[in-house]
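Here come two complexes built around chain A, the first alongside chain B, the second alongside chain C.
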Partner chain A sequence: MAKKFRSKKAVERGTNVVVYVVLTIISIVWLFPFFYLILQSLRAEPGAVTPYFWPKQWTFDNYIKLFTDTSTYNFPRWYGTTILIALVVTVIQTFIVLITSYALSRLRFKMRKPLMNLMLILGMFPGFMSMTAIYFLLKLIGLTQEMGIVGLILVYTASSCMGYYICKGFFDTIPKSLDEAARIDGASRHTVFIKIILPLSKPIIIYTILTAFMAPWGDYMFASLMAFGDQKYFNVAVGLKYMLQRETIYQYFTRFCAASVIVSIPITALFFWLQKYYVEGVTGGSVKG
Partner chain B sequence: MAGLSLKHIYKVYPNGTKAVNDFNMEIKDKEFIVFVGPSGCGKSTTLRMIAGLEDISAGELMIGDLVVNDMEPKDRDIAMVFQNYALYPHMTVFENIAFGLRIRKLPKEEINRRVTEAAEILGITEYLGKKPKEMSGGQRQRVSLGRAIVREPKVMLLDEPLSNLDAKLRTQMRSEISKLHAKLGTTFIYVTHDQVEAMTMGTRIVVMKNGFVQQIDTPKNLYNYPGNKFVAGFIGTPQMNFFEGTLLKKGENVEIKFEYTDSAITVPYSKLYKIRPSYLNGEKKVYIGLRCEAISLDPKAVKTSKAVIKVRLSHKEELGNQTLVYGDINMDGDGYTESSTRIIIDAKGETDVEAGKVVEAALDLDKIHFFDKENEDCILPRIPEYNYIDCEVKDGNLLFLGSEIKLPAAMQCENCKGELLIPTDAVTLGNDAEVDVVDCENINGTNLVSFEIAGRRMYAVCDKEVKKGKTKLAFDLKKFSIISEGNTVVESMPQVMTFNGKLLKEKITEEVTENGKTKKKKVVKFSLGIEDAKFDAPEDISQKLISAIGVKHVFDEALRYDCGPYDLKFADEGISAEAVGLADYGKEKFVICKVGEHTVYVSSETPVTGACHIVPDIGKLSIVQCKMDIRIV
Partner chain C sequence: MTQPVSELDYLKMSAWQKFCYKFVSFFKKIPMGFLNFFKVTIPALAIKFWLDVKQCFVNVGKAAKYGDWKTRTSFVLMGFSQLARKQFLRGFTYLIFELLFVLYLGLFGWKYLAMFGTLGEHTRGEFLNPVTGIYEYTEGDNSLLILLYGLLTILFIFAFAYAWYQNIKSAYSTQLVEEAKQPLATAKEDMRSFVNEQYHKTLLTVPLVGLSIFTIFPIIFMIFVAFTNYDMAHMPPASLFTWVGFENFIAVLGGGIATSSSFAYTFGRILLWTVVWAFFATFTNYILGMIVAILINKKGIRFKKLWRTILIMTIAVPQFVSLLLMSQMFADEGIINILLKQWGIIDSHIPFLTDGNWAKATIIIVNIWIGIPYTMLICTGILMNIPEDLYESARMDGAGPVKAYMKITLPYMLHVTTPYLISQFIGNLNNFNVIYLLTAGAPLSLNLANGAGETDLLITWLYKLTMDKQSYGIASVISILMFIITAIVSLIVYNRSGSVKNEEDFM
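And then the complex of A and B:
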């Protein structure tokens, strides 16, 4: 029996159509809430929920008032606090993660394996387990409320080295003979790290920066505990939640939507700026594979 | 530009694996040394220890006149080329080559000059602006070579640099590296598993196996005088033919009988003087080694040759310049499987091979090798260890080769007939006997003197060159031994005296005067415990022990101390011993002492009896860790 002949190209085209249809559906499902959020932020009529989808009147007031009307909710202040914390944490945490990973990947010392396992296991416990204890300890040394920024930075960066795992995995893929060649060429360990390892690790540095920025940027639990109800010391996540109280939701829902859009801007920008470094094949040509 | 010196180098991994065992070598300036051996033989490990990328477990490594054991790689002034090139992928070729110079903060013009020069030598000038990934394997390896030569190092280390290249490129790069060596005049150390690379490039080759050095010699000597069966089989393609067989001395001839066949050939004994006579009894199994070019199928050669064996041909391999004929000396063998009867012959144009045909092959007896079947050592070495001579002891006199020597008191034994073993180093220039020196060969710095007594060829190792003709020699009787009917009747005096002990640590309080004030200070003092005595350990010895064994175990580890009989003397205090006898060798006298389970000989002019004390010369002690058998000092 002769089988019906279908060209390879036709098969490929058919598969592609199916794949793209599925992907489109998924992305609509994903993007729809965000799209709705943007629409709501541009709505002029007040109220939390409207029975219709498209706003009847369009306005930019929600965005403008967010920054001008600071009497009830001081959004610019929250935003500034959060950016400050996130940036400082990003710098410190990226630095710590990179040096920890380098040490664990390249140096051989006693207790290296047990230390790695211990960090991995400790990292598995959820952070809020010790939250109350940490809060009281910080309160003892006066790092809550008005000094909350310092306290939060301390808390966010304290356990940074536990995030070594992915970064170390990447360093492990960089051939050791590069280190050795550089050391014979006259480089010390940290020259090797700065001049050889770091330039080759751009993708993982970007990854580390992004994760380091996102955690404090979106943190709610610890930030709300540290502010202890005083809205002067809120970060954006706590502040936005605060906007949606029963008494104010009617008036502030559209402004909340606008704030949410603004909150997503730094992360999106950061990602777009850094994604060009996610190029594959940075190590190409160094050693024979 | 410097020589290297490796003394008793060991590499022991924490799990107890010994990767390198007692590596000893002196490398002269401008030499091209090749380490060769199968995978896992320790050649790369040794190279990495020289580079400083691996710690040295024990031993001493010197570059020039500096001990570099604890030096960082960057301070050793060496350069290394890696098998996988190890180029910095994010830098251009220029940056790659200049990296080492930049780190050393050389002026910019100097860097430019040197990089351009290196690029010209290697023919990569046009690629200087490219990144490594845009280049082919051969070009990348050239960059890697450039990175090494631009630093103008004392020593160049190359770790299998050509293994990743294809065959044609490899041949080309091989001659380029040789050219580079001639041009730079730097010491090169090159690691490879390819014996062709080793033979073509090295001025001297180190053959290694399982962490042990098998032989260090020039390519030609390795080929012609392999020290054991492994070297013989490893060097040369096709591999040397090995047959099992026995040797039997019949008058002035020796019959070589091949196992698994009826074949036998006869060789004049004069060609086999250096063989230990115990192998000539017709029972002890040996390997007989012959290279393919030492066997001929040429009818003319077969006709004139005295050593002819029958070969059953099986097949041939045409290599263009060479035709290899395969066969078997066992008439039932197939000639394909590698067995101890398979034979490969370089037919030199003779190409008429018919499977199953039985022909005669002539063996070149000057190129024949013999190896012990058990330990595979060459039993026909270039420098024999002993001279074996028939002798007789009669009324306290030793009769051999027509001469008579009065045996000293220490060597007296009953009348017997036997075999006299005279080590080649027991014969020196002196006044004992006049002999006829036939030849004096310099073999790797050792002078091997061949001389004749009563028509019998004997050998001696001398530190000076000896002219042909009549010369007077002296015998060191304490190194002689006599074997009669399988028993050692007279034993030679041991050359190494052994003691057991440990490294000891104690805390003592010392009074130190500082700024006019006297303070009490606690100081840790190390001492060598030798048997029951304690001697102050010099700083360098204790440091070597601690770094080799580790602080944790160094004080529990059993140590063995070795020294010669002349490094011991009697004193009022020291190792307690009991003098049990006197060994009188005529010219020299030694007191035999019992120390624990050991017997030691102490050189002494005056006789000592009963309990006494011995003091060794600490500076001449060699210290061995018993458990792993590692020579540390």
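And then the complex of A and C:
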């Protein structure tokens, strides 16, 4: 009996070793690109690629030149544009998502179900389809290129009420008896929302803020359409892809890597700081749908 | 399996037969589902709509018949009834709305509406001014503006009709309240109702205005564009475009010359790859992500947090950075090829992104790299909810880990995460970033029309058609077809997931 027990333990240890090996390999594969990115951003030799892995000379020039030499590619400007857009979008989008979710979760009115169905259907149209029409609309009002920031903010936020699912799912879990007790005490719907629901919703508010802030950084499709080829009005995603075009990649690849690191650091830091809320939101949302 | 199987027969089947039975009956349900949709859902909606419209006319008729002179004046002068009964807030709101609408229509809307049928007839003229020696232009019609403003005007007319109807209804009901000698709602009470009974209006106005202008209106606009010949050769303001009926649909769906590089062929090829891609992208991520989550959560494995953090790096770093970097790493002269050569695994470089089939495989693999962490996160939480004693009893019965996974973990996960899978699948059908930033649709192929490449999805092809070729008409047709595909997929799966939820097959 004792022998059998031990052998079972040995098997257990054996599988654990296998699992550790697999996890280590996975970790290496997952970290390799980031490691390569940092190495390349510190490389002094020019060229899109070197036939060896470790740089022969190390330098910080790529980072410095990114901000000093803006004649060809104006990275600081792209960066500023993107941060500005992300901040404004975060504020507006959080506001819109919260009020939409509250209305659809707590209030009962005739158009509630049809409205939710409408948004479901609208979500099935490819986002880019409406984009051309929006572009013409904004061009008529003069909100592209120079005013592209305003245009992009409008585009990102205007339809953000369609992303109410996760937030509504959270509101649905807050007991209704809380509302009713406050209503009996004479509080208006508005007071209930501000004074009772919102203070209980910190996790979902942070989740909304986090996702709203991260989205504009990765958008290529809309941002490139708005700028319409003028690199002054690019955001970082469009700009960095532009850096890699065939004519300049030889000279600019290392600088592209440096720019990527600079773009990634604040977002990565923010993400890890608020990771807990992100995980909660994603997990909750995927189950309830 | 033509006859529905009785419950007893079903229970007698082996697992494999059950699976086959479910599989077949699922596909057999699809045509029925469609038929039901057309036979039941649409008539039901139509009847409901018809009843609503009838009710509107009944209400208006009642107001015309029994209304006093104040109510009847409201038919022409919106808000008059309310104003005459000292409900100034409501009255003025209606009146101002009517004034604005009349001004808009008179000064602006009607001339675009009048040209809506033809989308303009006068091309812009160009002549050399003999005095200055500069080309000058005579004013022509701008089809784009006509279409845009014409549609806007039509929508405003609908909105006005709705407001007018509300105005009549409200006018008549205030009259009734007055006749019953009841106090009328004051402006203060009206305002207060906006934080109570009508709070939904207060909250939803801004989101819905945004939605209407930036999603609904553009979609309607593009649906209309699908029926025009708006492309590079018909580009306002230099020239006009006009209605062409279903020509674009025919071009995309197979009419015309069926050469190998026709639109229809290209569309078919790209559609096939889009579906294949979405299928593989969704399920490889799902299965592999779940396995990674199981590995990390395995009892006796330490540093759980460390493994998780390493994987989450891919979510934290902006996706476009990783994608652009990957596109360089997998290039013909990229670091992956260099390292593989140095280690002596290959002699000549692998065309990761320059050969059609290799590129497709590479894209799916890179997508696994990007997608696994998300699935891992989602699965981690749910896996912990599976009761441990299920596994315990499975082990007692002599089930190995693989069997336990197939019999317990996978069914449970599928059961819980169906909505997530649907949204992932639809998201992947429209996954612009992964394809465009990695390959931009390349490698190009001579077999495909209009600049489409081997790895183009419908959405990236759409982007190219719009940005580079400016074939707006065709692009709109493709958008509509994409919508139909997405809608069908979600309809089927939503119906299916409903049945899944009712089946408590395990536990």
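Just so it is clear, the second predicted complex is superposed on the first by the 248 of 289 C-alpha atoms of A that agree within 3 Å, B and C clash if a C-alpha of one lies under 4 Å from a C-alpha of the other, contacts with A are read in each partner's own complex, and residues count from 1 in each chain.
Just so we're on the same page, a contact is a pair of C-beta atoms (placed from the backbone, for glycine too) under 8 Å apart; a residue touches a chain by one contact, two chains touch by 3 or more.
In this text the structure is predicted, and so the values were computed from the model without any measurement.
Within the superposed three-chain model, A:S188 lies in touch with chain B and with chain C [touch as defined at top]. In the superposition on chain A, contact of A:Y277 is made with neither chain B nor chain C. Of the two partner chains, chain C is the only one touched by A:E12; chain B is not. Of the two partner chains placed around the shared chain by superposition, chain B is the only one that A:I196 touches, whereas chain C remains out of contact. Shared-chain residue A:L178: touches chain B; no touch with chain C. In the superposed model, C is the one of chain B and chain C that contacts more residues of chain A. When both complexes are aligned on chain A by C-alpha atoms, chain A residues 188, 191, 282-283, 285-288 touch chain B in the first and chain C in the second. The touching residues of chain A, when paired with chain C in their complex, are 12, 16, 19-20, 22-23, 26-27, 29-31, 33-34, 36-37, 48-49, 51-53, 96, 99-100, 102-103, 107, 109, 112, 115, 119, 121-122, 124-134, 136-137, 140, 154-155, 157-162, 188-191, 193, 214, 217-218, 220-221, 224-225, 236-237, 240-241, 244, 253, 256-257, 260, 263-264, 267-268, 271-272, 275, 278-279, 282-283, 285-289.
Chain contact summary for the complex, chain A toward chain B: residues 175, 177-178, 180-188, 191, 195-196, 199-200, 281-288. Of all the residues in chain B, the ones that touch chain A in their complex are 51-53, 72-74, 78-80, 82-90, 99-100, 103-104, 131-135, 137, 140, 147, 151, 164. Note for the complex: chain C touches chain A at residues 144-145, 148, 192, 195-196, 199-200, 202-204, 206-208, 210-211, 213-219, 221-222, 225, 292, 295-296, 298, 300-301, 307, 309-322, 324-329, 331, 333-335, 338-339, 369, 373-374, 377-378, 380-382, 416-420, 422-423, 426, 430, 432-433, 436-437, 458-459, 462-463, 466-467, 472, 475-476, 479-480, 482-483, 486-487, 490.
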